[in-house]
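In the two complexes that follow, chain A is the common piece, with chain B as its partner first and chain C second.
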Partner chain A sequence: MSLNIIVLAKQVPDTRNVGKDAMKEDGTINRAALPAIFNPEDLNALEQALRIKDANPGSTVTILTMGLPRASEIIREAMYRGADGGVVLTDRVLGGADTLATSYSLAQAVKKFGKYDIILGGRQAIDGDTAQVGPQIAEKLGIPQVTYAEEILEINDKNVVVKRRLENGVETVKAPLPCVVTVNGSAADCRPRNAMRIQKYKYAASTSEKANLPEKQKELLEKRPYLNINEWSAAYVDADPTQIGMPGSPTKVKAIENVVFTAKESLCLDNDDTQIENLIKELIANHTIG
Partner chain B sequence: MTDKNNLIVYCEFDEGKVADVSLELLTKGRELADKLGVKLEAVVIGDKLDGVENQLFPYGADVVYKVADDRLYPYTSNPHASVLINLFKEIEPQICLMGATCIGRDLGPRVSSCLHSGLTADCTSLEIGDHKDPKTGKEYQNLLYQIRPAFGGNIVATIVNPECRPQMATVREGVMKKEVFDANHKGEVVELDASKYVSPEEFVIEILDRHIEKSKVNIKNSPIIVAGGYGMGSKENFELLYKLAETIGAEVGASRAAVDAGFCEHDRQIGQTGVTVRPKLYIACGISGQIQHIAGMQESSIIISINNDPEAPINAIADYVINGNAEDVIPKLIKYYKKNSK
Partner chain C sequence: MANFYNDNPDLKHHLSHPLMQKIVELKERNFADAQTYDYAPQDFEDAMDSYDKVLEIVGEICGGTIADNAEGVDHQGPHVENGRVVYADGTKENLDLCRKAGLMGMSMPRRLGGLNFPITPYIMAADIVSRADTGFENLWGLQDCAETIYEFANEEQKQKYIPRVCQGETMSMDLTEPDAGSDLQSVMLKATEQPDGTWRLNGVKRFITNGDSDIHLVLARSEDGTKDGRGLSMFIYDKRDGGVDVRRIENKMGIKGSPTCELVYKNAKAELCGSRRMGLIKYVMALMNGARLGIAAQSVGVSERAYREALAYAKDRKQFGKAIIEFPAVYEMLAVMKAKLDASRALLYETSRFVDVYKIYEDIAKERTLTPDERKEMKAYTKLADACTPLVKGMGSEYCNQNAYDCIQIHGGSGFMKDYACERVYRDARITSIYEGTTQLQVVAAIRHVTTGTYLSMINDYAAQEIKDSLKPLRDVLVDLTAKYEKAVATVMEVKDQAYTDFMARRMVEMAGNIIMGYLLILDANRNDAFTHSAEVYNKIAQAEVTKHAEFIANFSPAQQEAYKA
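On to the complex of A and B.
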């Protein structure tokens, strides 16, 4: 049994690693200083996809991402780890999309793939933390969803059995294929890059990257179709212009406020026995501890 | 134009009890509904819903919709989504609130996608206000301001849904206050026939097993947290934190850097990608205070930072800063706690 697996992935700014140099003087964040990374939970999803492929030889794992052309970076990264290829859905008119317009656009791209058995993706992306795109794509495609997945326990050509990790328990569900499964960060980590695969895929390039390559590499891409990372436009996936980008987004950002940490009046102590004992006494006296 | 449609809260109900987060949303919903001059409605979907309204009325619900069917419990996505979608087409609420729980975050997007209504996840504040579209100049009155942190907690965004209804938002448990509105408040009960709102084809997911399995670590509810960072230097030094925690009755937490370095397991990670905590005392040991960590603990009532770097960013939000190496300071904390606690 071979399965067509689509993995939804997103290139995100690394909001978890906001170091000192990423902070402007006014205490706000300098986005340009943040590295762009593979959204962490999408890597957990990729691992589950690769495990299905391992267990079912002949299966394919295809990455679908929406973003700037440079998002081809995460497709190459996924190829190094075991994915077969990928597509970047990229178009100026897709910009400024909220989760609904995003899921519409991605669902249109999924339809373009034709046959697929299962769609996997991370539970949420670290730049928005909404966890909405997975279920919304499922709804747009008219298929079921399984969220908060921790492990795919079984899969055949009709059903998938998934272990879900919920607030205070575990649920095992059986869902019919095709369906969307969103994977938690508590799932197994993604396997690292494979040296052989790096050799094989290091010249993989997207349509826009290809344009700037030397002739020799262009020829290589012609000869080896698996090195081509396709870029799809909104028109190519037959997206309705009123459903995408800003116009297709019901939610509007009214205001953005940067979070600035305001310093409290802190009491500084030295590593001195009397000062520490006094602090402990104070905490006991006001019932903070004890 | 003023919207006179009502505000509805999707209430989670399990083992005879309405979830706290749903009651918190009713409390908030009551306040918003009063501002808008509309009714506060609640919808409960599940099985064995007898008397559930008696838990909801005191929190201000004017109408309780009950959709009972043994196939609707335990929760699965499609059937609950289908009930809400069909109900909302009928009653056209202007606002719908849900808990940002595993259920609400699964259900909300499915409903909003079908109704093409905007949904904002994990709001930390909800208000009613006006809005003028900067492009068209069109003015809107009494929209729901959905306020939430974004970008890893580095910005706070106010989101509005000017054109689409219902305006949907999810809120995490514990963010809004739960308050009895009036113990004698009574409203109307509307029992709906489940078969009119969900078709048999929607029951596609089969639940094979469900059991309670608490995460091993429960730092979220601990009133005192001793947290270690990369500055602790080693897994062995982390043992000191466990000793201190045991002495003063605390749980041990860690920064992402400490977890990545292997000093501590992942389920103790505090911060944007870990757990958000609000203990009454937070002792940060060797934690520099990256923004993602601070986002997960800054609401602690009292913060003590033990650090040998006086410039560590966490010191800016600490109530007490102890300049020194954590491995020297912690034994002293233990010693003086033991001496003074009896």
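On to the complex of A and C.
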């Protein structure tokens, strides 16, 4: 059984290395000041996709990402780890999209793929932390969704069985294919880049990158079609201009301010187990810890 | 997360040595594989870029998971269950990662599933792995044994075993026995030929690193009634066939994650590798040379780790109102550590390049007849590799022990506690100057290059190279030291007594090593200013060391050996 697997991935600023220039005056992220990385939970999703592929020879794993042309970097990164190829949905008119416009644009791109069996993506991206895009794509495509996935337990041509990691335990659900599965950071880490694959795919290039390459590499891209990373425009995926980019985004940043956390109240405990235990219970109950 | 390749520009410097062009072009046979394999390089730049990218993967895995696991692996260690080794959890994870990253069988040809990397980038990977976890470097580095199968086994065996190594099966070399350690001629494990041409092995092996590996190279006595090395042959034992059990694993001081096994062979089926009787005299020698280079790389990795741990602590630790690195007694130690690290690394990659050139020629010779020039070159590089391998293994492993010692010293009392990595580094370092031939045995292998002049001619070649004016005063010092070395060697040789030569051998070998590493650092500094300080500091070390040995030899009369005798 061979499956067509789409992995939704996003190139994000590395928020683990946030400095003082991380935000611009207008409240948007200053992408130039932060290194761009593969969104961590999307890597967890990629690993689940690659495991499906390992277990079902002949399956293909294709990355779909929306962003600047340089997002082809994460497609190459995915190829080094085991993906077959990918598409960058990139267009000026897609810029400034909120989750609604983003999910619409990506859903349009998914339709362009024609046949697909399962769509995997990270639970959320570390730049926005909304966890909305995956579920909204499922809604727009009219297919089921499974969120907080930790492991794909079984898959056949009709169904997928998924273990979900929830606040108080795990839940195993079965969903008909095709469906969208968003994967938690608690899932298995993605496999490393592979020495043979990095040599095979290092010259992979997108349409816009290709234009600036030396002749020799252009020839290689002609000879080896798998090295070509497609770029799709909004028009190519038949996107309605009113539903994409800024015009399609009802979310607007009104203001941004620095928040300095200060302790408002303090509590003195005796050196007493019961008091400490009660405090811990309270902190767990109000979600301060745990 | 740290990347142990990207955070160390010294590695890129050594990888970009001018001789690499020749090595890569020979290794890739004018890039013929590019027609057949989609991951083969198109040209020299492409190949170098691939090494760089693959080493970046090595650096990432090592700086992340493998380094993080090292402490846990050291604590947990492997154990034996029903005659089988169970690795520590961290070791299993490390191996799994290396397999998935395709870092096994790196130097094997593509047709057998390898990456066809020259030895130099492979050795660089070993250097990086050792910095992360010295014990794990053994398990990963035993892929080296595939080299012996590739060189000496028949085609059928190559096809059977090498792709498995490339897929991540582990290897071991089963040489040592309870009564055959440094003296491998005494190996007793019995090999008996069967009517079907296969062999059966019976006996015991001891101190076998990763002794429960998937594919073993075994040294055994195939010739009944013989007692010396000429009765020994090399065998391949496949764990899938069964017959070898692990009786116990040793409780060691260091490299605790690497299981050191006692093995019991009970009629274990095995295949002859190569020709009978050539086991020790040809194949083990080849195997050992590869393994010694591996230990040299392991030693350099330890030195790197020790230096970095010490440097970080010295910057962080404040006493008497300032960071201890500001005290001359401490910064001197650090500068000396760095100089020893840089010197041994320079010699490591000089050696690996020599090995590369001659091995590639040997391999080409299997495909076609070498031209007279090529044959001459192969011979010259073989000699250089033979001369440098014991030198870098011997001195590199001693330096890493010295650096591990100083690393603890810089940590003071804290270094003696289990809280810091330096105590593990110190324990792990200790074995490097013992296994694959003690330092004393490296001297035995190296001394003939003192007496026949290989080292001197290397030194003269280095001295003749063009360098920047600013480095010439350093060279002048080495020219003086070379005169002292020549005089010391002549003094010892005049006595015409083998025992006396043996007595003075280590001193003479070290003098040669000091001068050679002194030159290599000058040449590194000539190519890259970052090495200037190390070249200067090492020049001082070489001057003090060579002079010390020269004085000792000049003031010693053979009769004075009496006082030393047991």
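By definition in this document, the second predicted complex is superposed on the first by the 244 of 290 C-alpha atoms of A that agree within 3 Å, B and C clash if a C-alpha of one lies under 4 Å from a C-alpha of the other, contacts with A are read in each partner's own complex, and residues count from 1 in each chain.
As a convention for this text, a residue touches a chain if its C-beta (ideal position, glycine included) is under 8 Å from a C-beta of that chain, and two chains touch if they have at least 3 such contacts.
Bear in mind the structure is a predicted one, so any value in this text is a computation, not a measurement.
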Between chain B (first) and chain C (second), which, if any, makes contact with A:R224: first, second, both or neither? second
In the three-chain superposition, say which chain, chain B or chain C, touches more residues of chain A. B
Which partner does A:A255 contact after superposing on A: first (chain B), second (chain C), both, neither? first
In the superposed arrangement, does A:L269 touch chain B (first), chain C (second), both or neither? first
Using the touch definition from the top, say if A:T288 reaches chain B (first), chain C (second), both or neither. first
In the superposed arrangement, which partner chain does A:G96 touch: chain B (first), chain C (second), both, or neither? neither
First, second, both or neither for A:I198, with chain B first and chain C second: second
Taking the two structures together, which residues of chain A meet both chain B and chain C? none
Contact residues on chain A for chain C in the complex? 191-200, 202, 216, 220, 224
Per the contact definition, I'd like the list of chain B residues that touch chain A in the complex. 74, 76-78, 81, 101-102, 105-106, 108-110, 112-114, 116-122, 131, 133, 145-146, 149-164, 204-215, 224, 248-249, 256, 266-267, 271-273, 280-281, 290-292, 294-295, 298, 301-302, 304-305, 310, 313, 315-325, 328-329, 332-333, 336-337, 339-341
Please name which positions on chain A make contact with chain B in the complex. 13, 15-20, 23, 28-29, 31, 40, 98-100, 103, 126-136, 138-140, 144-148, 161, 164, 166-176, 185-186, 249-259, 261, 263-264, 266-271, 273, 275-277, 279-281, 283-284, 288-290
Show which residues of chain C lie in contact with chain A when the two form their complex. 38-42, 49-50, 53-54, 57, 60-61, 97, 100-103, 106, 115
